[in-house]
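Which chain is which? They are A, B, C and D, in the order written, and residues in each are numbered from 1.
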Amino acid sequence: MKQNKSAKTETTRRAFISKSGLLLAGTVLASSSAAEVKAEAANFIPPFPAPQQDIAALRADLVTANHILYDQGVVDGYGHVSVRHPGNPNHFLISRWLAPDMVTESDILEVDFDCKPVGGEKARLYSEVFIHGEIYRARSDVKSIVHTHAPAVILMGISGETLMPMYQMTGYMGTGVPLFDIRQAVGMTNMLISDPVRAKALVQKLADKPAVLMRGHGGVVTGSSLAQAVGRSVYMRVNAELQVQVLGKKITYLAPEEAQLAGNNDYPKDWEMWKRKVTAQRG
Amino acid sequence: MKQNKSAKTETTRRAFISKSGLLLAGTVLASSSAAEVKAEAANFIPPFPAPQQDIAALRADLVTANHILYDQGVVDGYGHVSVRHPGNPNHFLISRWLAPDMVTESDILEVDFDCKPVGGEKARLYSEVFIHGEIYRARSDVKSIVHTHAPAVILMGISGETLMPMYQMTGYMGTGVPLFDIRQAVGMTNMLISDPVRAKALVQKLADKPAVLMRGHGGVVTGSSLAQAVGRSVYMRVNAELQVQVLGKKITYLAPEEAQLAGNNDYPKDWEMWKRKVTAQRG
Amino acid sequence: MKQNKSAKTETTRRAFISKSGLLLAGTVLASSSAAEVKAEAANFIPPFPAPQQDIAALRADLVTANHILYDQGVVDGYGHVSVRHPGNPNHFLISRWLAPDMVTESDILEVDFDCKPVGGEKARLYSEVFIHGEIYRARSDVKSIVHTHAPAVILMGISGETLMPMYQMTGYMGTGVPLFDIRQAVGMTNMLISDPVRAKALVQKLADKPAVLMRGHGGVVTGSSLAQAVGRSVYMRVNAELQVQVLGKKITYLAPEEAQLAGNNDYPKDWEMWKRKVTAQRG
Amino acid sequence: MKQNKSAKTETTRRAFISKSGLLLAGTVLASSSAAEVKAEAANFIPPFPAPQQDIAALRADLVTANHILYDQGVVDGYGHVSVRHPGNPNHFLISRWLAPDMVTESDILEVDFDCKPVGGEKARLYSEVFIHGEIYRARSDVKSIVHTHAPAVILMGISGETLMPMYQMTGYMGTGVPLFDIRQAVGMTNMLISDPVRAKALVQKLADKPAVLMRGHGGVVTGSSLAQAVGRSVYMRVNAELQVQVLGKKITYLAPEEAQLAGNNDYPKDWEMWKRKVTAQRG
């Protein structure tokens, strides 16, 4: 909800906030001078995760982001979220192979662009971790990435129509979200971005946009901060849920060969997640 | 659920209820004389927030209204609700800049029509607080205002079709809810009613109606009481969710320039709200 | 899930169940003789509310039914459920004027067909209690009645299409649910069945069917037991939610005069219900 | 999310996992040699129910599966899930006649292909238990079966269109899920697979596919493990919820005779389930 403000005020405010340990970029003050901003700030609930200098806090925020994305219907047993390492821009933080709702702080790994855990740590990674590595490599402006599995986003990606911004919360979509069709890029597959070649093809379609849909699979949303990537992916879900209400009927289903390649799925991350939920319900 | 009743009975009942501190306007008694009404009233659960004479109770009710609007899907991290001050009709009560679900009593401010906090209090306000100030200024009959972000209401506002009353719970919509298109009023913007000029243009479209939609943004619902404004906005959401099921497909998306102006959003209020929710889930 | 069984077995089973205090009509045994049924019965969780001879248990079940109907999305702040008095078929039990989710045992009233509380009790009744009185008067086979406000049922009732059974859970709908249009019956109104004349017109449209929709309002579902009326209304909601996905677009909205007559609504029952919910969420 | 890997690696990994008591077939390692796999495995959360050698654990998993299927919207008061007995492939485990959400470990029965409880135990079975017996008899590859009642799956089954895989999570659907119309197979019925003749007709339509829809009723999903059958049925629900958004309007409703035969339903399993839920909500 950013307003048009003088660059000077914006700069002043950012500088102040930076000192107080808060990052409030892109927020709005109803009627404010720089002095008022300072007076006000003490009352603010910090709208952002802790500053990126504090790695421990950022890891905690990344765990929270995993839980939010599940709670808000952006991911199910699959999908993932990462954040670029503030101290080393060639590294990023991401959970090991786990359903997002199951992630805890000890599951967060530091990974390089080749998707090797730093320090030789032995841990299973998401098969699609290359999405993150290749986008961070190609796009220095990107600080955080969400791989969304929101059902309505998936439907948009096979609808033959472009996901378009319907209201101010999704203005970042601009003239529409580009669509990556893995079949056009690398032929018949199991639909997964499970190697660097596929990831580079996805990056090419993303280009300089903030997000890209993946036909028959989901989408990727980037942001200049963890909170922005999370927020954009939540409101992309809402926007897609509205747009699918007015869709035509020209759907692209999986090709038989794609279905065959993707078909041997045992849904391994779901079981434990679903089990924890029903177990918790019974106290 | 108001019935046609003789004006006399209605008056008697209202007088009685007023004395007992309850405001039951617009409710129905299945078969009643004024005497029966009095006998009955002791058993009533008061259907309304406490009488407006009691400012402390009204503040508490306003906090509750914030929570209800989130729980009922009328607002998300955004949207807001206000109530006219019963002791000073030129003032109104509204939360400072916070996601509605996060509001507590200490966050409620008293604000004048120019949207300055009374007593020179320094607090950040909603950037769109002018919606409230200008409507209260122009419409003495309005006692409470909700700014809705319900997704289905947003879809109705870009559908090229008029939000129409489908059942008795939304009879207040009359011949249909008017639509405010900020582009027609003030050109390309970030879609927000963030100054008095935009707010006055919105008031002009609202005219003497109880509600108005805002293209690409949401809507505004007014009421003769806090409970009525809340109730109308909840049932507007339900009605819109039904009507979008039978929409045509002529949608107005954000213009590229609007998208650009609205696009730099960091979703600052959402993060803390979403975080509290997932944290609470884990006890 | 009734199977074709010999009348004899059915009779035997019912007789047995009756003795043991359970009413299991309409259930199925996968492979059973009467002897097996008896052996089995001790392990059964009684699928039905307590036998109707026990008024205290029936009142408790009626309270539970109120809560279930809210939880299952059949009613909101409005709608109601009643059960015919087992000891006096000219009376029925129903809550006083309260949102179904708020009902407790002390709120249950015994009412006659003229909708007067038995024993001259002074309590506010639902303005539409006449729905219940007139149906019980006309239809001795009806033991329980639900007035549904499920949104999808409302949409079906204004769609110009007939609510049809889509699967075995709604087989009771037969060749389709009849539609009552209050405008055709008694002209322009506030849409409510708030007097015996309107209720009798509704009964005429119901005829010998198990259910009837009410244009611009909701519907009524009857059953041979409390559990059946509740179950039918829940699955009517599910069925309607499916059928609205394949609707055409010829909707009948409220007429302006209907909207005006129904428009002065303060949603009195909702506020307390919504408030309790958000208050409970905060512990 | 299986990748194309050399048969050798796959075998090695399976062998290792088998030794450690885990069954991880069909999962993916982002970049792995057999050696790395072993190092990693100690950190894994086992994505699968306990190994089938342990009957007590398998019964517990079957209870959990019942609860998950309700929580995930695959079943309501009806529907069921079974698993083939690992020690005796001619037997299977399934709950006695209970709503899935109500099942506890003492409700799990061991049953043969004729749907007789082993050891002559007297317990009421699901009237449609024959679905399970006949599929296990005909399909030695099937280790687990879910009978789904997901509403969107029901709508697909009467839509005249084929349920198709829309994304990689439902690749198992291949060229589309076959449809069983009980009317074509055995004429007018109450729609239930309540005897072996009907079950054999269903098996014929299933053929060698992983799943089959049942017109006007629901569907059946099979798997090579309990987790796979559960996962497939959850993602079938998601996929169907997307596909019904783009349906045409050629619906097959119940025939009047079917409706009549299915219409005498008292919803016996629902009441206790719904009651427990609303009771728990009130603490």
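Convention: a residue touches a chain if its C-beta (ideal position, glycine included) is under 8 Å from a C-beta of that chain, and two chains touch if they have at least 3 such contacts.
Fair warning: this is a prediction, and the values are worked out from it, not measured in the lab.
Enquirer: Which neighbours does subunit A have in common with subunit B?
Expert: Correct list: empty, since no chain touches both.
Enquirer: Any idea what the CA-fit rotation angle from subunit A to subunit D is, to the nearest 5 degrees?
Expert: Rotation angle between the two copies comes out at 90 degrees.
Enquirer: Could you check if the interface between copies subunit B and subunit C is built from the same residues on both sides, meaning over half shared, or from different ones?
Expert: Since fewer than half of the residue numbers are used by both chains, the interface counts as different.
Enquirer: So the centre of each chain is just the mean of its C-alpha atoms; given that, what is the distance between subunit B and subunit C in Å?
Expert: 32
Enquirer: Any idea how many Å lie between the Cα centroids of subunit B and subunit D?
Expert: Once rounded, the distance between the two centres reads 46 Å.
Enquirer: Can you pull out the residues of subunit D that are in contact with at least two other chains?
Expert: 245, 247-248
Enquirer: Select the category (line, ring, star, complete, other) that matches the graph of chains linked by touching.
Expert: Shape = ring; chains linked end to end, path closes on itself.
Enquirer: Hey, which residues of subunit A end up touching subunit B in the complex?
Expert: Checking each residue of subunit A against subunit B gives 1-4, 24-32, 36, 39-40, 43-49, 64, 67-68, 71-72, 164-175, 224-225, 227-228, 230-232, 234-235, 238, 241-243, 245-248.
Enquirer: Quick check: in the complex, which residue numbers of subunit B touch subunit A?
Expert: The contact residues of subunit B facing subunit A are 76, 78, 96-98, 102, 115-116, 122-127, 129, 151-152, 154-155, 158-159, 190-192, 194, 216-218, 244-245, 247-249, 251, 253-254, 256, 258-272, 274-275, 277-279, 281-282.
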